[in-house]
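Please see the structure below; I have some questions.
Letters A, B, C, D and E name the chains as they come in the text, with residue numbers starting at 1 for each one.
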Amino acid sequence: MTLTVEPSTPVRRHASLADRARAFLPKIVLAPSFALILFFVYGFILWTLYLSFTNSRILPIYELVGFDSYVRLWSQPNWHMAIKNLAIFGSLYIFFCIALGLLLAILLDQRIRGEGVLRPIFLYPMALSFIVTGTAWKWFLNPGLGLERAMHQLGWTSFKFDWLISTDMAIYTVVIAGVWQASGFVMAMFLAGLRGIDGEIIKAAQIDGASTFSIYRRIIIPLLRPAFLSAVIVLSHMAIKSYDLVIALTGGGPGNATELPSTFMYSYTFTRSQMAVGSASAVMMLMGVAAIMIPYLYSELREREK
Amino acid sequence: MSAASPTVSPASARIARFVIYGLLILLAIVYLLPFFVMLITSLKPLAEIRSGNMLALPQNPSLDAWGKAWGSACIGVTCAGIKGYFWNSIQLVVPAVTISTILGALNGYVLTKWRFPGHKLVFGLMLFACFIPFQAVLIPMARVLGMLGLSNSTAGLVLVHVVYGLGFTTLFFRNYYEAFPDELIRAAQMDGAGFFQIFWRILLPSSGPIIVVTVIYQFTNIWNDFLFGVSFASGERAPMTVALNNLVSSSTGVKEYNVDMAAAVYAALPTLFVYVVAGRYFVRGLMAGAVKG
Amino acid sequence: QDNSVEVLHWWTAGGEAAALNVLKENLEAQGITWNDMPVAGGAGGNAMTALRARVTAGDSPTAVQMLGFDIRDWAELGVVGNLNDLAEEEGWEAVIPAALQDFSRYDGQWIAAPVNVHSTNWLWINGDAFQAYGGGEPQSLDELYAMLDAFEEQGITPLAHGGQAWQDTTMWENVVLAVGGIDFYRDAIIDANADALSSDTMREVFDHMTRLAGYFDPNFSGRDWNLASAMVIEGDAGAQQMGDWAKGEFLRADLTPGEDFMCMRFPGTQGNVLFNSDQFVMFEVGEGARDAQLAMASAVMDPAFQVAFNTVKGSVPARTDIDDTEFDACGKQGMAELAEAAANDTLAGSLAHGHAQPAAVQEAFFDVVTQHLNGQISTDEALERLPQAIAAAQ
Amino acid sequence: MAFLELRDLHKSIGGLDILKGIDITLEKGGFLVLVGPSGCGKSTLLNTVAGLTPVTSGEIVIDGEIVNDLHPSKRDIAMVFQSYALYPNMTVEGNIAFALEMRGVPRPEREAAVAKAARTLQIEHLLKRRPSQLSGGQRQRVAMGRALVRDPLVFLFDEPLSNLDAKLRVEMRAEIKRLHRDTGATIVYVTHDQIEAMTMATKIAVLKDGVLQQVGTPDEIYRVPANLFVADFMGSPAMNLLRGTVSADRSAIELDGSEPVRLALPPTVSREKLAGGQNVILGIRPEAITDESLRDPAAGVVTTLELPVDLVEPTGSDTYVVAPLAGTEITARMRAQSGVAPGRSFGFVFNLDKAVVFEPETTQRID
Amino acid sequence: MAFLELRDLHKSIGGLDILKGIDITLEKGGFLVLVGPSGCGKSTLLNTVAGLTPVTSGEIVIDGEIVNDLHPSKRDIAMVFQSYALYPNMTVEGNIAFALEMRGVPRPEREAAVAKAARTLQIEHLLKRRPSQLSGGQRQRVAMGRALVRDPLVFLFDEPLSNLDAKLRVEMRAEIKRLHRDTGATIVYVTHDQIEAMTMATKIAVLKDGVLQQVGTPDEIYRVPANLFVADFMGSPAMNLLRGTVSADRSAIELDGSEPVRLALPPTVSREKLAGGQNVILGIRPEAITDESLRDPAAGVVTTLELPVDLVEPTGSDTYVVAPLAGTEITARMRAQSGVAPGRSFGFVFNLDKAVVFEPETTQRID
């Protein structure tokens, strides 16, 4: 309903050139990063894909030979072992890192005196290069050198902890060391998330009669969802690329009991001079990751659209 | 914000506190065990290490290994310890962390507050980029760096770390800014603030915790990176880890575990320093009072 | 004119690095700058990775430390230099054992200067334990078992072993040589003859491996070789099978060869030498840098350097024309045996150290040997797997 | 000419139509108050005017220019957000000065402007605090302060005084009026406060479910509401709405209910527009039903009814009395301490001069 | 016995004293309305009662127990937050049901309770939305809903209706009253709305700068404010406060100002308490100053003054008229369309029965 109907013909004020440039600004800001990633990641993925169809050995050869390297790859017992181990290692590693990281973050968030001292203690394993820490772990876990021996000397002679040297259990020692190393960082991620939560909401939940446990379960942890996404991505990445960890701790052994795709990939690409097989394994890894991550990312990104 | 309100009944509150502190201290001790092994090893002479009880306290502790690791251990043909390699790593890590963090923050900002059609796809692609196996990029990267004339240079290494850190920094910031109230962006627009002003004046000051997380992540990863370092900056420009590895991993030479351990702790010091300093920015209630409802 | 050399190597720490310094000083005396590019780890694996990056970037180092078949692989790519003139001038052909020349030359062209020769078929024995055993040096596997049994009775670990793939395979190749002799070694390992690989002799080898493993302590997995040596030094273990570099550990612990510890050829392999040789491969560099490169190659072959380096390193010189006075008892023995083996054609490349097969095949051997030793596969499976894995890797 | 003009504005969010064709014009220096039930789209409308959310269709004209494509920062509009949207990292001072800073106003000027606004808003002692250290009302005042320091083409206020105490609200109202008068600014103002709407507006727009119900001066809206919705919505307590039938001679309205009650036909409706026996709804405001002592001497058409009192609600200044009539309840406004008590019967004076009549089907007013 | 009792409650935040010794008792089933200027400490008070912030000193007693050390979740209190504090990760439904869920109420019951509350609050169509998809008023109603579904010992409402439209607010008010009546719940309620305060409270507490000014029934607070602050604060428009001197015979008050004006002594003050020539402040509410037609026939002490009209402010239901008197301005409430026009002179009828007298120094009322 217009009260004053006037024959006015206003000009349409179009956004000026500068304005329109400004409208593009966000995209311009994003563009370099995106371009870098397109080139250096997706470009290289394509390159790797190409390589996997060649017969490259010590250095790339660009002559296509078909699926040969995939056939070789899947005929390697090491590769099967690596996949199996990644499934065990990856799931346990991600689970325990998140569980422990979350626990630590929650404990540290209870207005703890000395938070400033404790936080670096949980973080420090990240800082130490596994090239050396691996040695310390190796001793610590070795029944003849470390914990088991110390316990025996203390009189607890039935104590037994020999996972490191057992082909069946060695992979779990890798999990232990990996969790030790990364859970502090997961804690930091969750702590950042926790610090961003509005205190009023928690007060409201207290009024609603929620126990501290319920508050975490129903309010805080759901609000940490983005932090979970970050954690899962970072941990998956670390699980997949864990190289130092295995090399320093078990060297992939006993036998090939702790072979992981990362060690496999590295050794075939570089030390074994079978670059094509290494590339094929990289491609398989990416496909595996895609198969798991894409549905997750899809649901996660769709879920949080407002 | 913590759920532990200061007002709980004294008795149960004290028990709860006791449990919390007990748990934290216990976990701290467990976390410190490997460090303890490293520390006592670094204080033992080699003969004592050879004798085999790795968890025993040193019988006659000495700081010799620390002195040697710092100033006189051979790394390659130069026997001046690891002290010279800090600068290499610093030169690398500071720009790489700074650039990747800033870009990540800007990307996160654009992807949450300046959405455009297809923003999810872009984000998804950047996320998926986190999973590229680094082994697979070495050779093409070397080629590209060679073409850019950045082979075997710090600048080249910075580029590499920025590129492969972008996915993570973007991820961190995007997920953090996701919860940042859009109203504030709107208010700032009404106030006449431009794209960068909003970012710089409104978002960034409220991003303390996530900046810390990102810096911790990037600093640690770049400082500890070996693969890229050894491939793209060995020799004089070698970063700390490459030097440390050279000290530690000689294959058929005599191993000096005490020196190795001391060197490893030295090498970790800058990172630890970052952890301690960064911790100050884990502040609470940054967004309190911003919006109603 | 570029008066510098860039040297990629993995002699990064301790005595090795100190030994290399001799070379550096030698060159610096000639006014040549040494740009050090040390990359340790993975028995040169990391160094090869770095090398790939450098070569791909079109920025090859001047000289690269390399082992065995890696040299051939790189030579094949046509990125290496030519030392023919220098070699001829200095008469390398005459002083370097032919088996080494197989690697130093590609298609007849000199591409590398060998620095040393390590030998892998050694056995190291604790002096006290050996005294207590009272027998002579074991000359066969059976005698070895007798000695190990005696050690067991002494209440010590009879055989100290580090359970890493390359250590497992080092022991295995010793056993192959001990059981089958040099011809079988060449047939099975160097020629990778499938029949030999699944032959009864090979079965015997694996059986011996199983038997030897019985003398290990339970915690051998993943142990570094030097910790195994430490067990022998400390008297916790009786013996260790390891290459000649182990001597460094014994010497560092102030033990005297022949008294506090014994060095001897692995029983059954006397008269044969399994070697590996570190060589500096010269890469193609610009004309300007060639003089420095040649100067370096010449310095590597300099007898004084060969002596200085190898006394520290525990290995023996790559030149057979060098006086052994500077060397200790074990060193003298090694030099003599090397010359002898070279003359008798009982010198063969070590599989575990990249002188018998290219990396891919070598690692395929590793896989089977280590899995067998760790009980992941049975002897039957190992015999079945071995030719398959090798064929797949070729 | 109209200064601010909305033409057939549509806006949908996620498939829901929030604004369904809004047409409003406002002259330069006009003061438009937007009212409507919670969730009807008032804030959304302000957001579209500010350019914070794109319109689905329609045009927004400011000062003769279609600004649909213009970035918010280019529209020269100041806005007070319903949710405040204070910058948590800045002090109160920083919050208020931010817009000036962005416009490059030099520091001394900025400080003067902030000081002035702070004085007006009585938050001078809070300038160094952060939003988190303020009470609800203080935060709201800071949100106001951010707009007040500016000198834009258009001010948009989204319930800017809702969390202030009555006294302060009166003062702030006066302040906004002064701002309006002194700067001649064009203002769009959302409020749920009748008094605010009635006293400040030059024009009121009533919105319901995204549809514009009536635009008019406050007096028009209050006196002659366009339809039942507006009648019911404006005024507190609400207008009494009584169902009835036009008497055969069209001189009165016979109210529905068990007992026959006749009310004279209000002068606001012309007899010609009615038919005898037609169903109508009669609307009469509480203050037009009084006791005898409050009867308006100037009133023309008056009917007095004796009704039993159901409920008495004293508000301090007045007493509202509720009584049953025509199958519903009517509210009348009496003097405070009027002595009316529930249960007893009482004489209610209906001033029909101020009554209006609606068509029940279309809900439109008949005039 | 008192059900809720605050004893000498002190609270300081960061060195600032926010509450300075609050003593209030409230009987079971009582309805206490807290009023006071923005920032006076009302929300802080509610927070201490809820246990969300620890008190600095003093005691909080609920149902005979000192609850100072009791965790909020153990106090059985429902609260509506001024800032809503909705759970952003839950739907409206989840938000409302959360408290019941925490108490282990089975799902069917929960759903019924949510449905009932949603109906009451008129948000049934929003149950599946998230808070971020709601308008301001809708969010506020969800915040209400969270409290309404519960059956606690004490309800705390912090300006629960401030963002609702008038109509809805009236309905919600009725709803809260019904809740109060039906459940006999004890309620503490913060509001800036006079009507709300006056009509709902069994007791009103007036706070200023953390100090309690007066606690009393609505009628007491309105009629006989304890001091100038309360007098000025309650009522809108505010009470007119006129400086004057008690006449020598103590029968009248002579107002300050250039012209001598006498007003009869109000019956609310006893002559004995006054001395001739004493300075006083006379307080009289706008609705006690009317035109002749509105004069209260029951009024005892009345003075009529002829004053020039300065300003006329129509609000729809009434017209406020401002005129100069005794060096200040007075506001009188006239009938809507009363025909009073600025500039002209007019007869103002002062009903002094309802006037009160204050001591200017202490600002306390004299009775």
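Heads up, the rule we're going with is that a residue touches a chain if its C-beta (ideal position, glycine included) is under 8 Å from a C-beta of that chain, and two chains touch if they have at least 3 such contacts.
No experiment lies behind these values; they were computed from the predicted model shown.
Shared contact partners of chain C and chain D, listed by label: A, B. The minimum number of touch steps linking chain C to chain E comes to 2. Chain centre most remote from that of chain D: C (centre = mean of CA atoms). Separating the CA-averaged centres of chain A and chain C is a span of 39 Å. In terms of their C-alpha centroids, the spacing between chain A and chain B amounts to 14 Å.
The centroid of the Cα atoms in chain B and the matching centroid in chain D are 57 Å apart. Each chain gets one centre point, the mean of its Cα atoms, and the points for chain D and chain E are 22 Å apart.
Contacts with at least two other chains are made by residues 51-52, 71-72, 82-83, 86, 133, 136, 140 of chain E. The set of chain B residues touching two or more other chains comprises 5-6, 52, 138-139, 141, 194, 226-227, 245, 248-249, 285-288, 292-293.
Looking at chain C, residues 41-42, 49, 52, 56 sit in touch with two or more other chains. Pairwise, the chains that touch each other are A-B, A-C, A-D, A-E, B-C, B-D, B-E, D-E.
Touching chain C in their complex are the following residues of chain A: 57-60, 72, 75-78, 131, 138, 142-145, 162, 164-165, 167, 170, 247, 249-257, 267, 270-274.
The residues of chain B lying in touch with chain C in their complex are 46-47, 50-52, 73-79, 138-139, 141-143, 145-146, 151-152, 226-227, 230-232, 234-236, 238, 242, 245-256.
Remark: chain C residues 41-42, 45, 48-49, 52, 55-56, 73-74, 76-77, 163-165, 217-223, 358-360, 362-363, 367, 370-371, 373-376, 385, 392-393 touch chain A in the complex.
Those residues of chain B whose C-beta lies close enough to touch chain E in the complex are 5-10, 292-293. Listed in rising order, the residues of chain E touching chain D in the complex are 13-14, 35-39, 42-44, 82-83, 133-138, 140-141, 158-159, 162-170, 192-195, 198-199, 218-219, 222, 232-238, 285-287, 293-298, 313-318, 333, 335-336, 339.
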